[in-house]
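Sharing a structure, written as structure tokens. Questions coming.
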Amino acid sequence: MTDEEISTEILLDHYRNPHNYGQIEDANEKLIEFNPVCGDTVQITIRIENDVVTDIKFIGRGCSVSQGSASMLTDKVKGMNIGEIKKINQEDILNMLGLKLGPSREKCALLSLNALHKCISNHEKKTHGGN
Amino acid sequence: MTDEEISTEILLDHYRNPHNYGQIEDANEKLIEFNPVCGDTVQITIRIENDVVTDIKFIGRGCSVSQGSASMLTDKVKGMNIGEIKKINQEDILNMLGLKLGPSREKCALLSLNALHKCISNHEKKTHGGN
Amino acid sequence: MLSWQQIKGDFPLLINKGKNLIFLDNAATTQKPKQVIDAIVDYYTNWNSNVRRGIYRLSEEATDHYEKSRENISNFIGSSDPRQLAFVRNTTEALNLLAYSMGHNLHEGDEILLTIMEHHSNIVPWQFLQEKGVKLKFADINEDGTLDMEDFRNKLTRKTKVVSVTHCSNLLGTINDAAELAKLAHDNGSLFILDGAQSVPHMPVDVEKLDCDFLAFSGHKMLGPMGIGVLYGKYDLLNGLPPFNGGGEMISQVYTDHSTYADAPEKFEAGTPNVEGAIGLSAAVDYLRNIGMDEVRSHEKDLISYTLKKEEEHHIDILKSYGPRDMEKRGGIYTFNLGEFNPLSMSEGLINEQIRVGSNVHPHDVATGLDSSNVAVRAGHHCAMPLTHRLNVVATSRASYYIYNSREDVDLLFESLEKIRRLYA
Amino acid sequence: MLSWQQIKGDFPLLINKGKNLIFLDNAATTQKPKQVIDAIVDYYTNWNSNVRRGIYRLSEEATDHYEKSRENISNFIGSSDPRQLAFVRNTTEALNLLAYSMGHNLHEGDEILLTIMEHHSNIVPWQFLQEKGVKLKFADINEDGTLDMEDFRNKLTRKTKVVSVTHCSNLLGTINDAAELAKLAHDNGSLFILDGAQSVPHMPVDVEKLDCDFLAFSGHKMLGPMGIGVLYGKYDLLNGLPPFNGGGEMISQVYTDHSTYADAPEKFEAGTPNVEGAIGLSAAVDYLRNIGMDEVRSHEKDLISYTLKKEEEHHIDILKSYGPRDMEKRGGIYTFNLGEFNPLSMSEGLINEQIRVGSNVHPHDVATGLDSSNVAVRAGHHCAMPLTHRLNVVATSRASYYIYNSREDVDLLFESLEKIRRLYA
């Protein structure tokens, strides 16, 4: 198998049997991100304590790239602190997937990262904004 | 001199010293035709008796083609009856000039014919319309 | 007639890509034969100039080429007067022109009747008129993907000022009975607009036989260059419309406080026209005429019936396709899903179920999978979101055929679909 | 740098025509270098596909070429963000887009300040807004053909919402001080639009240095293909405008009763874009950048000063030319008359005088005469009727230069003018 084929297999594994699938009861952030063009949807629920992600789950519907990357991303960020998560960028996600994606599929890959970053930013507003 | 050069000379002669230049006092039709694109203008005054053009004059401003052809056309139609004049078409005017004109100059050449045809049509409306 | 194999040989891009490209996205845009590319090069090498206003020979020659192109395309669609054709950028612009221009005479309560299978280009421009109280109605489809004529008749009311309908759906492939719809519209006193984006390239279209008041189509979908399209209108109707864009070429006189306008078609061609585009499209029309539009239609009919036969043979369990199975009502468009993704009702929140429901393959994954087998199809809403929602899916995959496609391409499509189905099982 | 003679060698049409064509109608449109023609052929031979929505490789490559073209052209005009450029058909469409779109927020009594030297494309679209009570004002010119700054300042009032001005007059050749005008507009709280149709092709233009809010220009006037033009806008201003044309590509979501729109620039690119045009214009920009826009400007400055010198030397008695004689304020445009034809006041009727007054030669005759000496110039109102009337003439003849013109072309122009003058004497 080539590297590309291995990466595809890993992604499909995550797609078929997603990790961290579901909703957290005591989440302090919850957010739905949606790509109207293809209908890809990811909902993230996250529990942040002292700026550290203690738990994160997602539910969603969509293609292997959007859902597989959500599964991999939630694995990756569990236990990370907010500062580290904010540094995760497009590049990191594409490296995580290890696939050559065209620009239209990149949007799928970044759906869950966008959702996550929005959660973090909402959380910061609440805590640092003082309400 | 080539045919083209002779035709040009004739046209320029008409342009420099137009025939039938002026206004008829007892005209029964009078009409101004105007090409807004280049400002070419021809006014025709015409006397029609029993469907025959007994006199016709023009005044105008514009290029050699619009003014020269007005001069030649007024020469040509004096004494003609309405039926004959209505049959004069684009082709006839271009043959009369004997010049190869591009589409934009053809508009100049046809200015006075259009004016003349409108005069005739107005005259017919009056006489056959009964007022 | 040329063989279809020979025809493929006229397309430099297809020759270059060879087996690495089975191009099945022709409803989006088509490839160009060398005759069209040559016409463009010839234009820029021998005739290029601004048109109409120039008095020198080059400009008059360019004008001549431009107007001859108009005449040629006019003949192609059965229009008896070339002044009935205005050159625009594409179908979208033609429909916007109509919506903006007709909008001046539409008032609160007036209705526009569309169908649920319209392309966004035949929806959004009309939506702009909702601001002034104009109402849009959408005739529904039947289960088989054909237009629901009863619903159409019911929605055609005394308030319906305009009926605007696609001749062929770019998603279902449904060919609507344009002549019948035109008659219904006219009997009702409504104007009838036909979106010919998917019909003019693929079948004989005669505006006078169909009796449509306006017709819009795009050059790039019929072997022509990008950036050129056509709005046809019956002369008096076209000429009677208020202008759309203002500027050079479309005026008669301009004063600081007002302007007067040229007659159609100039009236609707503001600014320097795309002369290259007109000449390129004319060359495309020559190419198509040379094949014969009846032949084009037969060829595509053969490909789509073969497709439906293959579909039955392969019998991929989760495959579902859309659109009429009566070949008389079906263009060369094959839209399908490997398992359907239904739209989520965002307001109700997401349902907490596992992703992998019956091993559905999302259309994006289908397209990527096919691409890795060198088969180029489109996936998404195909600029027909209301129809996609009507079908209760988030997206579909679509293969669309043209003259250079063959039965082998269809074979490859199904082999690749089998492969994808196995991969995701 | 290349020599100007070498440059001419890049233009197939000019090589073909040889001595039979001295092309001096570059303000109308320009010829295309083989680099641009090749880019078009290359596109249709290797990359042609619809952009943005395709998931297969060919479409992604086409999208990549399309967006790289946007970036390249963005850099060329000093824009720091390619999303500030929307591709349109031409300058005319860009200005219509602005007028239609801004029109939503303009109300009775609001004023738009133009100048009397505007092209019809920067007048007629604004006139459409007069219907809703918006007022147009026109800043006048001085005797030397420069903008009357005092009049401009006086007409800039608290009601002026928009100032829209040409950077370079296509008739007088006057180069307006865009940075100064932008500053005046902004200090007044007005938006500032620059018509760059005659400046972007001919001199360095940096939108950020000039601080214009919007800039419009046409590809075909700067070696690019027909059918492509650019609207630049500061991102927040551009993105803040309501949409113009509706349809595919410009939407985010479409429902039967409403739609949401994409962000700029997609928002303003409804329908299948002219990908060929964008790629061709990008190739033209590469060509110009390679020469250097400072060099282009110097070359044209040389030609126009040489022209004015020749004019003085030949001293044709009835020749009158227009426009500033200060070369810093003058582009490569030479507009003139062999005797002036003043407009007739139609209402007062015609004055009964002989045609031949001072052996004036009508601009049409001038152009035809020059054409028979193979010199292609334009004659007429040059889509600037208000300015033509302001100069108190019915028409003018115009020679306009570009990179492939030479001093010999100017020599030939004057020799031919002498000949015409003699013929009509």
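In order of appearance the chains are A, B, C and D, and numbering begins at 1 in each one.
Simple rule for what comes next: a contact is a pair of C-beta atoms (placed from the backbone, for glycine too) under 8 Å apart; a residue touches a chain by one contact, two chains touch by 3 or more.
Because the structure is a prediction, the values reported are computed rather than measured.
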Chain of greatest Cα-centre distance to chain C: B
Euclidean distance of C-alpha centroids - chain C vs chain D, Å: 32
Gap in Å, rounded to a whole number, between the CA centres of chain B and chain A: 81
Centroid distance [mean C-alpha coordinates] between chain C and chain A, Å: 38
Touching two or more other chains - residues of chain C: 53-55, 57, 253, 364, 368, 379-380, 385
Chain A, residues touching no fewer than two other chains: 36-37, 104-105
Graph class of chain-chain contacts, one of line, ring, star, complete, other: other
Which chain pairs touch, all of them: A-C, A-D, B-C, B-D, C-D
Complex interface listing, chain B residues touching chain D: 12, 15-18, 21-23, 32, 34, 36-41, 43, 59-65, 67, 104-105, 108
List of chain D residues in touch with chain A within their complex: 52-55, 57, 60, 63-64, 252-253, 260
Interface residues, chain C side, partner chain A - complex: 341, 343-344, 346, 349-356, 359, 362-365, 368, 379-381, 385, 394-395, 423-424
Chain C to chain D touching residues, read off their complex: 12-13, 16-17, 21, 23, 25, 28-29, 31-32, 36-37, 40-41, 44-46, 48-50, 53-59, 89-93, 95-96, 99-100, 116, 119-125, 127-128, 130, 136, 138, 218, 220, 225-228, 245-251, 253-259, 270-277, 364, 367-368, 370-371, 375-380, 383, 385-386, 389
Residue ranges of chain A in contact with chain D within the complex: 36-37, 102-105
